[in-house]
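Here it is, the structure in full.
Here the chain labels run A, B, C and D in written order, and each chain numbers its own residues starting at 1.
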Amino acid sequence: MSHANNQAEKIKAISGVNPLKCMKCGKCSATCPAFNEMDIKPHQFVSYVQNGDIEALANSKSLWKCLSCFACVERCPRDVQPGRLIDAARQIVVRTKGQTGLAPEEIPELLDSEVPQQLLVSAFRRYRR
Amino acid sequence: MKYTYYPGCTLKTKATDLDAYARASAKALGFELEEVENWQCCGGVYPLGTDEIASKLSSVRALNEAKEKGQDLVTLCSACHHVIKRVNNDMKNNADIRTRANNYMQLEEAYAGETNVLHFLEVLRDKVGFDTLKEKVVNPLTGKKIGAYYGCLLLRPGKVLGFDNPENPTIIEDFIRAIGAEPVIYPYRNECCGGYISLREKEMAKNMCDKIKESAAGFGAEMLITACPLCMYNLNKSDEAALPVYYFTELLAEALGVKEEVV
Amino acid sequence: MSIKNEEFRPKIVAFCCNWCSYAGADLAGSSRLAYPADVKIIRVPCSCRVNPMFILRAFEKGADGVILCGCHPGDCHYSTGNYYARRRMTLLFSMLDYIGVENGRTRVEWVSAAEGVKFSQTMNEFVEKIRSLGENVRLGDLRCKN
Amino acid sequence: MQRIGVFVCHCGSNIAATVDVKKVVEMVQMEPGVVHAEDYQYMCSEAGQAKIAAAIHEKNLTGIVVCSCSPRMHETTFRTAAERAGLNPYMVEIANLREHCSWIHKDMEEATKKAVILARAAIAKVNLNTPLKPGESLVTKRALVIGGGIAGIQTAIDIADAGYEVDIVEKTPSIGGRMSQLDKTFPTLDCSACILTPKMVEAASHEKITIYTYSEVDKVSGFVGDFTVDIRKKARSVDATKCTGCGVCQEKCPSKKAPSEFNRGLNTRSAIYTPFAQAIPNVPVIDRDACMKFQTGKCGVCEKVCQAGAIDYTQKDEIVTQKYGAIVVATGFDTIKLDNYDEYAYSQSKDVITSLELERIMNAAGPTKGHLERLSDGKHPHEIVFIQCVGSRCSDDRGKSYCSKICCMYTAKHAMLIRDKYPDVNVTVFYIDVRTPGKNFDEFYRRAVEEYGVNYIKGQVGKVIPQPDGKLLVQGSDLLDNKQILKEADMVVLATAIEPEASVRKIATMLTASIDTNNFLTEAHPKLRPVESPTAGVFLSGVCQGPKDIPETVAQAGAAAVKAIGLLAKDKLMTNPCTAKADELMCNGCSTCANVCPYGAISYEEKEINDHGIREVRRVAVVNNALCQGCGACTVACPSGSMDLQGFSNRQIIAEVDAICR
């Protein structure tokens, strides 16, 4: 199995999602509140996994723009759950040695006095291993 | 009536009032919240990967403690509620996660999702009853026009959380009516505030909160209430429409006449 | 004709009612939804035609698993036949379990004429289960073994 | 000992490519009773059947086994062939080597081994077969049509024109169904009422047709050719024989707050009402839940104003019992409830409507008198957005997994009609796919785009966001442009999925007709018997079988009528001879079998029995072959083992079990 295929299989396994269920209706992209910030749009994300183009996903901005708000998961008529696929791609990146979406040294300047613990914990969970 | 209570990290630090008002209100309503001993942080977000086990264990510990006490587990923070309820659903319905989590835990009796997880609002709706709550209100917030801000974590995915209709919820509106105020229904009440994105993408989160506040104000809301410290933080960053944001427990305590006790 | 490999190939009898499950099996066939050749189907008019005696006989003659498929509750061609089957099999299977024919070796499943996929899935699962349980050693008439 | 012939079919390459048919022929010859075995390319062909006939004659065969496709496919073919060659047709058994073997296995050795076992089982069974003779039953020359929409009306007219009596049972106060609610029909845009009303009148005035409106089927018993049905005529509170249909009662009725079912609840009607002006019969009913007379005892206005003295508050439900030879189900459809789709704000905004509601709004007799206006404020809209596939093609258990089939076309129709009548209104359609198979259908859709300027956007809508100023913000995808778009609209129309009318479940249960997971009635064969239910004597007409448009519905209604006529034209029917039979010597008259029989086919007789020389009168079970349908419930219930099923006897099934486990 090629590396790309292998990565795609990994994404399917981690997310527990079968991207082939997608009927390309675009409801995820119609729903996504972060749509305009994303370079690879949610519906494209599903196609990329189908086609095994994981390299592009790993390098995409979208990975770090998804809010995990589950709106796409809730409204997807085919139960494809694009949000889970995006998270699985993120996992593949942050589980790779030396890769992370959030370096500890960049944190201090991001903080203000009001930041709730919950925010830090959540961001760490999503962006780091 | 006694419940096992899971406060979570933020309620012990930045959001102590969310917690304190809830405890005072619970007392006034005749139920007791027994804090989980040595609870550990839920992680703030639900680990979506089907192979992530360790990050689900803190929830399992809290769930198991409630099971051993034979009590329902009550949460207050939307994020804790979301994480613990979804982990509980995994423990109940996903044999793989259940087996692997129990292998870690080495409990005397394996945990299989027996505990009933309730959000404080669900306790008010399903255990106390909004009619009873209404009767116990001594200081009705008559004339106040309040917008409920649900956000994502309380509602979605609807099938797992089973909290309310994820697209057209009513529980906080019913709560608002019970404390004597008038709910304002606006379409952005279940749209995301930006969540954890606000750590780095401040502008993006602010834009999203602007939209929420603008919509609420447009429909006549004078204030917003929420159950989530992160939503509160993000919403307060937006200066759109001078809409104050409160924790729902603060208004509850006020209506029950126990707000002063807390301060 | 010998089987190529040495792995355990169970004998499985599937009783299928004519109206739903047999048609479901036909649909699995016309949709080319494969399941192991270990499953052999016997057509009966209704799941309620299956006498517990037939199932005992199958085990006696060396079957390793027996599955009974009928219409979904409420959809029986004869209105109520599958309810009788359900009650009878509940009793029979618990008795069989008691005497050592594990519960996994017996199964009742509702498969409609439209559920080719379900039929195939069910048979795959059932064969898998029987393979994991191994050969049935209870009830078998030793004279039947070769 | 039987003399058995085995015939192995190649089915072209369908069987022969996976099963070594020569090997099967070789192996079965070793089976007891087999005196002949051969294979042939197509056993079901003329030549194949001739081979069977020849073997029967030459080898004096007493039983045959055909190893071929499913018995559901060709059992009748081979039985008839055997009968023509002088063999009792019930001496034929089929081993299913295609659907149950060659089509699902790949390995030839394994498939061949299984094929041999399946053939052995069939041979073992035939060894125990006995000749059976079907009985006869009479056919009642009258048909029942359940549902009075276009499907039911067309079926009834066609059957009646062939000279048979037909009864239509319709649960609402008038026939006409969904079609009567439509404004125009695609792709010709003719007015729905103009083409439907004459049919309604034709049905009502046909001397062979009796219409029971405001009536429901209560109970069904019997079987093909001889059904007995109880029809409940709900109390109308109006004497139809006296009513002149003048309409004064409806005008004067003071209680006018009940939602109008006909107008989909968009406006109200009086408590005494006919659903619409052209209703047939033109006799109103009193909605007792809405009527003040019934609720409070005070009123009685309608009785006072009725010159004909037709109002009768004391009327009660009436049961009519009637016999039928054939039953046609034509129960139709409804749109799904939108509770699971609140993201489209249907429950939050009056200006978000379903397509069926739009039909009523566009209709001159509708709640807005045919003026296109917003239901919230009565204002004329300038931007209308249509959303396709609302609840259709959803595999996530919120909606329906199937395509509702009619939405693409009616949306094109709506868009075109609006653009035609109100050129100032912009129309946008969000679609996933535009599906227009049908004569002149795609041309029709293209006309909407090219001539009427309807803006089609490929992409689903995520959310409809009501604005404080009453406008609706539609947030959707434009997949071809890879954009998320926000479109301000005055009205949003949802192409809501259709589903079978809720009452169909109850009716299917009464008829023991099977329904699928979506509550559509199942056909006897999806391709070759599409208008027949697997239950003999029950036929399917219209959307109760699956989504379809009006021309398809009418075509299917005619086809169902032909099938029903074919049945009614027979004087007698052959009954299934595979019926239960009690062994009088073993029966102890305990009544257990009669208790489980769903058809009441078992009775008891005091009979003189000669039990090994001892003559005594015993109470024994007797099966009525005309009533017995051959399910076999009694055979298992019988504690003494005296009850057995012909054609599927205990010994036969055990022989099959033995052959398989050998």
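Going forward, a residue touches a chain if its C-beta (ideal position, glycine included) is under 8 Å from a C-beta of that chain, and two chains touch if they have at least 3 such contacts.
Remember, predicted model here, so these are calculated numbers, not experimental data.
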Higher number of C-beta pairs in contact (A-B or B-D) found for A-B
If you average the CA atoms of chain B and of chain D, how many Å lie between those two points?
48
What's the distance between the Cα centroids of chain A and chain C, rounded to whole Å?
44
Which whole number of Å gives the spacing of the CA centres of chain A and chain B?
25
If a residue has to touch 2 or more other chains to count, which residues of chain B qualify?
167
Listed in rising order, chain A residues that touch 2 or more other chains are 71
Going by the touch rule set out above, which residues of chain C reach two or more other chains?
none
Pairwise, which chains touch?
A-B, A-D, B-D, C-D
If you look only at chain B, which of its residues touch chain D in the complex?
165, 167-168, 185, 187-188, 215, 218-220
Chain A to chain B touching residues, read off their complex:
13-16, 33-34, 37, 64-65, 67-71, 73-74, 83-84, 87-88, 91, 102, 110, 114-123, 125-126
Where on chain A is chain D touching in the complex?
21, 23-32, 35-36, 41, 43-44, 71, 75-79
Of all residues in chain D, which touch chain B in the complex?
339, 341-343, 345, 347-348, 463, 465-468
Help me check something: in the complex, which residues belonging to chain C touch chain D?
1, 3-4, 11, 13, 19-20, 22-23, 25-26, 28-30, 32-35, 37, 40-46, 48-54, 57-58, 61-63, 71, 74-81, 84, 88, 112-115, 120, 144
